[in-house]
Amino acid sequence: MAAGELQKSFTGEGLACRRGERRVFRGVAFALGAGEALVLGGPNGSGKTSLLRLMAGLAQPEQGRIAWDGTSIADDPVAHRARLHYIGHQEAVKLALTAEENLGFWAQMRGTAANATAALRRFRLDPRATWPARYLSAGERKRLGLARLLASPAALWLLDEPTTGLDAESIEILLAVIAEHRRDGGCVAVATHAVMPLPAAQAVSLAPHATGRQA
Amino acid sequence: MSAFTALLTRDLRLAFRQGGDVANVVAFFALAVILFPFGVGPDPDLLARISAGVLWVTALLAALLSLERLFEADYHDGSLEALSLMPVPLEIQVLAKCTAHWLTTGLPLTIVAPVLALVLHFDVAGYPALIAALLLGTPVLSLIGAIGAALTLGARRAGVLLSLLVLPLYIPVLIFGVAASEAAALGLESRPHLLLLAALFATSLALAPWAAAAALRQALE
Amino acid sequence: MHRFANPARFMRLSAVLLPWCAAAAAVFVAIGLYGALFVAPPDYQQGEAVKIMYVHVPSAWLASLVYAVMALASAIALIWRHPVAHIAAESAAPIGAGFTFVCLVSGSLWGEPMWGTWWVWDARLTSVLVLFFLYLGFIALANAFDDRTRGSRAAAILAIVGVINLPIIKFSVDWWNTLHQKASVFVMGGPTIATSMLWPLLVMATGFLFFFATLLMLRMRAALLRAKVRALRFGM
């Protein structure tokens, strides 16, 4: 292993993934260090979401190994979950709770003091803080889902299509938030179709590794 | 606030704000019990004879109907996935949700049962045993039901399937619960049956969260 | 155990074992029936009708045994993520359900000429009835999902939950039966078994066991071939 690779906190090698009876990809590898960003690209069905879920520990890879600081994440799933934020397609927002209560709940589950107010302000949701989430627009709910990223700290951010449903200004905010996170030493992996101008980001395309039939 | 309390409070808050959950369960329970005199006739002796059985079967069915909301909503809005990624063991989270479920289903049923028992001419001497049995038995219904609810997430016709899976597993609770409740009326000891119910409670408390968490994990994979 | 993981190996092994198991099943059942019908004495109370016991009791034993096999296969499938083990459990389930059905029907046929009722709530019949529903639940759950793998895994968890509950259910049904004993004077357990009645029972049970093994291998082979066809068609 080259000296530079020893500094990569989050690595994966020889990864193969199966969803249902179908093999989605094989032979995928990545290496992510502190302050770095990884963009997962590829056509529909190539397995971007599947790879992100493997990274989060939501599913086990059929082959291969994912490690944080050299230790396989399967060895201590609780510790791995403590260090990551995973924002999937759905916002995980409870409509009957207020925006504040939603964020406060997730922070409590992670065992940290809730930083809900600052998170809401950063995503321009502070006027809506005490509104039940059912009165928020779709874009606002999406932002509320993203606000979880700031409500409690985590080193690794895993984002699945984070810009869907966001207006241009909100996308700018998200990019700025990601940049600050990277400056503070965190790392981020994003699965996206959209063009996301993340400076100095590695790109991993899943297209050559996909084994499912092309649609 | 610990994660267990946070999740328990959230579920209770949601149940309270979305309203109707407790009322639905209690209303179904009452209606189903009231159907029996229409079905078998109003003879007080006959009703007294079947009262314990009727109360338990209808309580069981009422609990069954409320099981779907245990994980369903969280599954569909992405909360369950997010919860499974929290640094808290999923088993503890299942326990928190089962507690919230019991507080909004089993406990109201236990409170209403003595009132409905009057309607069925249940022997008043059996009240303490009835309430004790329900207090021990209804949590078991929530715990075992959680396994069924977790297994059927996202299945076709999940509601009917859930009944098919869970009702056979409810039979021991039903048998011991009824035996405890009507022991007094038959001039027998209810203690052995209550002890058996307590054993069922302890066993399901230890094993059900583990099985339900395993089912949730494979539902989220 | 991982030697049997490979479906091709299972196909080769089962191709060899299948004719022997089928032959053993036929032989044992034939001997058992001969023993049951011609050697064992008729019951002085129940007459020849007691001979239904020789189908009824082994079916009950197999019904429980098959469930245990299903649960074991399910545990293997979940721990080692084994597709063949899932197929074993899912292939065994309808066979087990069949045994429970035979047990229930033979019990019913036994009851009618004896006591004029088509059903008796005795401990064994009631437990088998509940077991029947446990089998139905497993089969229904395995087929309830669009994603076949999801169904297999959910059913596997259910089988393990079921096998843990089975003794508890049996115990509670026995308890319930004794509580209400005054209502059911008739016990279908049968008289204490004399040797001349015991050996046909065991022979029949062994025959049924070989029959189960034969059917299981046939069903698993068919399921594996179907999976192979799916893989070829859909390019997996």
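Observations on the model:
Labels for the chains are A, B and C, by order of writing; each one numbers its residues from 1.
By our rule, contacts are C-beta pairs under 8 Å (C-beta built on N, C-alpha and C of every residue); 3 or more make two chains touch, one makes a residue touch a chain.
Note that the structure is predicted; figures quoted are calculated from it, not measured.
The innermost chain, defined by the distance from its C-alpha mean to the mean of all protein C-alpha atoms, is B.
More C-beta pairs touch across one of A-C and A-B than the other; that pair is A-B.
Taking the mean of the C-alpha atoms as each chain's centre, subunit B and subunit C sit 31 Å apart. Chain centres here are Cα averages; for subunit A and subunit C they lie 48 Å apart. Each chain gets a centre from the mean of its Cα atoms; for subunit A and subunit B, those two points are 38 Å apart.
Shown for subunit C are the residues that touch two or more other chains, namely 150. Residues of subunit B found to touch two or more other chains are 221. Taken in their complex, subunit B has these residues touching subunit A: 1, 3, 6-7, 10, 13-14, 17-18, 77-79, 81-89, 220-221. Put simply, subunit C touches subunit A in their complex at residues 147-150, 227, 230-231, 234-236. Note for the complex: subunit C touches subunit B at residues 78, 130, 133-134, 136-137, 140-141, 144-146, 150-151, 153-154, 157-158, 160-162, 164-165, 168-169, 171-173, 175-176, 179.
Subunit B contributes residues 147, 151-152, 154-158, 161, 164-165, 167-169, 171-172, 175-176, 179, 196, 200, 203, 207, 211, 214-215, 218-219, 221 to its touches with subunit C in the complex. Subunit A meets subunit B in the complex at residues 56-59, 78-79, 81-82, 84, 86, 88-94, 96-97, 101, 105-106, 108-111.
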